[in-house]
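The structures considered in this document are given below.
First chain A sits with chain B, and in the next complex the same chain sits with chain C.
Right, the complex of A and B next:
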């Protein structure tokens, strides 16, 4: 009985410590972005939106932001059909080399991003598509695809293996079964995976660094380029934009799938 | 009866997988409106047989006829068969009403009639008030009912039940057994139920098939199968059965004299199957054995034994009695009225009596070694 108050105390302080360490960088960067001074500092010097206005006026940041959106959209649109079908096939259907295919699909995880980046840079250069925007989206889809497959697979695993047979016994032919039963039933996994893919592509830096040039530079690479010259509070403002995009994704996830389902990763 | 009167006819159907034969030359006919239960231990081939009828699997040999039509080339979605699956397989993204409406939409019923039919079948399973709930918002029993309504809403020729009750707890299972039976009789739909639960088979069906190792062991009414098991497997599978090993010493006037250990008893069996000296198994159900005081002339057979175990089950007392006379084997005995008959302590010696007509002798068949 005497243990309980102390247990409460220990647990409470552990939780508080975790919350603080996790959120402190975010709080600092948000605060710093509202400074009216010339340097990044916390607590901020005065309050102003000047760095946000500045950010909005900087064409290279704005177009980098738009390009990042395009790249992420290409990556996500590609990942949805590829990842969904791969997950369904590798979990649902009995096929030859099933294990090997499952392992093969997860291989992108085992290759360091630097290696993927160099390999794709050389390959894209050879087939003369380097310097365009869409190959960056394809590349980001490739390296992050395991996340999509995992997300859909976990939903597929939770389905009744007889679901398609049930649809057949209801009179639904195979194509209708796929679109009216299978796809809607795995939709939570598809949405979760798609948002994950979008955020990952939105944040991806290393591979993008290899595949972009001055005309196709994406936001993370743009930020990297600018901190190499001079560090001003507009970087803090960019970071806040990033945080907002992430929050938006989490909000969407909650609205569309329900966070409880995502957290239970059903 | 001509073949057209039979809803289902299965002729010499076999299904072989790589090395095993799941179903071995099965034959059965099922009349319109009948309730058939196929019962057997897991792996006996009953589910494979059901899946072939549903169209999810194909026989490697033989023919399946539904309404007199050979259905070999008819895919599952073109057969008029409703099915309730073991884990129900409700569509998780649809409400109860949409689940029930799905077969109607897929089978191109007049859209104007669909809401009415959905309501009718949800009412039939007493779920009208929960039409808008998703499956995960319903209890296990309610999900069962949705699955039944979905399987029946399009008025199928045949209803298949693939052990849908096995996951429920005992009380709910028994309630659903009666519910299935009520709905089946109300609609008169021909039904095939698959289960490993012998009680379910006995309670629910007009007709019963016992399967083991891919072979139909016996096919008849539940009452007939229970009271006249056709072979050793069926006798052992149904009820609480004790087996005795022995040999035939005489055959006269339809009765067998069998020697079990040190005693000679009377048993019943098909005369043609036996000759004197044959090794046999004799099966005896627990409820057919009486605990008697001394020699009791009402019973053809009596032996003495020692009570090894006494189990109180509320509505009955179960004794495990070691019978020295027959070589030390144990038998289970039910006493349905221990208050009147008096209880026997562990270690007490008792006398058991039973009649020849409930003592079934079967030839010992050597079990195939796989």
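Right, the complex of A and C next:
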């Protein structure tokens, strides 16, 4: 589409502003992590890898990283079956109370995270599982579940029901039809959803703040607790870990399903 | 299969035998006459999982009906609406609420203003490399998370941050760029941008480029074509994005805490403080219930007026 100069200029400057705003923190964090000084300042003192060397010695951050990984894995492994089945059910099966079910399944989004976090903290405390790691994974799966359902349901909408009927009439029993026809057809949605669930659990902060204690603290909470008014570069090096994980996730998403999947009309 | 001689059965691939066993088991626990309710079977795990939230909210509601006993710092047994009355009587809570709602409106407006052109350019551009660049620039911060991003702004805007140390090295006085309303709003806009763009994009994709061209060829300049054709047709996306950004901002905790530094508390901070600073879980619970109710009413009104937009699961 040929753009009129004024249109190009107006849209271009707005997009440029957004791009700078989106990328600036990332770029600055990467730059700050390589400084050789004790504090972050401009112009920087010099280049060094000392803060990355120190990263290996920060045991509390390393164990927090491992725990964050475990929590995200639990969240993702739970979300894949639960979200996929729910998406199939809400798109493929005609059911009563369809609207109410939709509203119910969107509750994790409509209830503020601060409320969900404290509510689950109270409930988990009552049944005495607070302070363990796995309930955090379950909680993170719960609050992000609509993302999984959305991802899968957008591919279910494109799945031709005749495929399943064809499998049936060729003699495939239900379980086989499910795993040989239905699941492969919605696989792009499952992959997208699983990646989203993992990465969102990996950097989830607020709910984790309520559900973890000193022994189970996860990385985002650890970073939050370490933010002081004096800004030291060690935290920047920790944050670069996040940037790398995010880069990896974007790359995987693009390789496996293509980022263009988000540009489809619904 | 039972008709087959045993030797043939032995030679069947293990996978087949296994699949047959699974099918037999499946038809035993979920016989064909139940197939009409398969939808509910599929839905059950999700319903149970979200049920955890409902149970937690039930506890919240219960807590909110008990006042704090100041001598023991436990909730009294008697049921009362005292906590809600207290919230109404203390002007500070109304102040916090108004500040939060105002900030949410400003952030929503600013985010949509930035997100719409971003989404539009991303959909309409003819260069796939440019499109990919825009997508990656969007997803990277989205995936990095709120705390790390807020920390990035702290490095840039902080009292001893990059801008201020640059100013001082030039001999200029330092500026207060952080711990104020503007910093919180700015941080929130940056945080919400990816959500908004991703929700607007499907709506723009659905608008045929030819419709826009038709408007322009009929003599509308691009601004008018935008205003009268593109924006109205993209309304489902804008509504969806607006609701998400507004509610997420209204309930945000990290940005006001990290970039506001206690100067710009939102409702979430007030809830947090009631629970963990005042140790008054009854009051905090009452505040939570108010927030949930308010948010639900707001979303319900917008849905009633405009429909669910791009937020609905079923298309």
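Rule of thumb we're sticking to: the second predicted complex is superposed on the first by the 240 of 266 C-alpha atoms of A that agree within 3 Å, B and C clash if a C-alpha of one lies under 4 Å from a C-alpha of the other, contacts with A are read in each partner's own complex, and residues count from 1 in each chain.
We take it that contacts are C-beta pairs under 8 Å (C-beta built on N, C-alpha and C of every residue); 3 or more make two chains touch, one makes a residue touch a chain.
All figures in this text were calculated on a predicted structure; none of them were measured in a lab.
Trainee: With both structures lined up on chain A, is it a clash or a fit for chain B and chain C?
Mentor: The answer is fit.
Trainee: A:56 contacts which: chain B (first), chain C (second), both, neither?
Mentor: In the superposed model, A:56 contacts neither chain B nor chain C.
Trainee: Does chain B (first) or chain C (second) touch A:170, or do both, or does neither?
Mentor: In the superposition, A:170 touches chain B alone.
Trainee: Looking at A:47 after the superposition, I want to know if it touches chain B, chain C, both of them or none. Which is it: first, second, both, neither?
Mentor: Once the two structures are laid over each other on A, A:47 reaches no partner at all.
Trainee: Which one hits more chain A residues, chain B or chain C?
Mentor: Between chain B and chain C, C touches the greater number of residues in chain A.
Trainee: Based on the superposed arrangement, let me know which partner A:160 touches: chain B (first), chain C (second), both, or neither?
Mentor: Only chain B is touched by A:160; chain C is not.
Trainee: Look at A:9 in the shared chain and tell me whether it touches chain B only, chain C only, both, or neither; answer first, second, both or neither.
Mentor: neither
Trainee: With both complexes overlaid on chain A, does A:29 touch chain B (first), chain C (second), both or neither?
Mentor: second
Trainee: Here's one for you: vertex at chain A, rays to chain B and chain C, all C-alpha centres; what's the angle to the nearest 10 degrees?
Mentor: 80
Trainee: Chain B to chain C: minimum CA distance in the overlay, Å?
Mentor: Chain B and chain C, overlaid via chain A, are at closest 10 Å apart by C-alpha.
Trainee: For chain A, what residues appear in both contact lists, the one with chain B and the one with chain C?
Mentor: The overlap between the chain B and chain C interfaces on chain A comprises residues 173-174, 176.
Trainee: Contact residues on chain A for chain B in the complex?
Mentor: 159-160, 162-163, 165-174, 176-177, 180-181, 184-185, 187
Trainee: Quick check: in the complex, which residue numbers of chain A touch chain C?
Mentor: Of all residues in chain A, those touching chain C are 1, 4, 6-7, 10-12, 14-15, 17-19, 21-26, 28-29, 32, 39-43, 78, 81-83, 85-95, 98, 101-102, 104-116, 118-120, 122-123, 126, 138-139, 141-142, 145, 149-150, 153, 157, 173-176, 199, 202-206, 220, 223-224, 227, 229-231, 235-236, 239, 242-243, 245-247, 249-250, 253-254, 259-260, 262-266.
Trainee: Any idea which chain C residues touch chain A in the complex?
Mentor: 19, 22-23, 26-27, 35, 38-43, 45-47, 49-50, 52-57, 59-60, 63, 113-115, 117-118, 120-124, 126, 131-132, 134-141, 143-149, 151-156, 158-163, 165-166, 169, 189-190, 193-194, 198, 201-203, 205-206, 209, 213, 221-223, 244, 247, 250-251, 253-254, 258, 268, 271-272, 275, 281, 284, 288, 291-292, 295-296, 299, 310-315
Trainee: Give every residue of chain B touching chain A within the complex, in rising order.
Mentor: So the residues of chain B touching chain A come out as 54-56, 75-79, 81-83, 85-94, 102-103, 106-107, 150-151, 154, 160.
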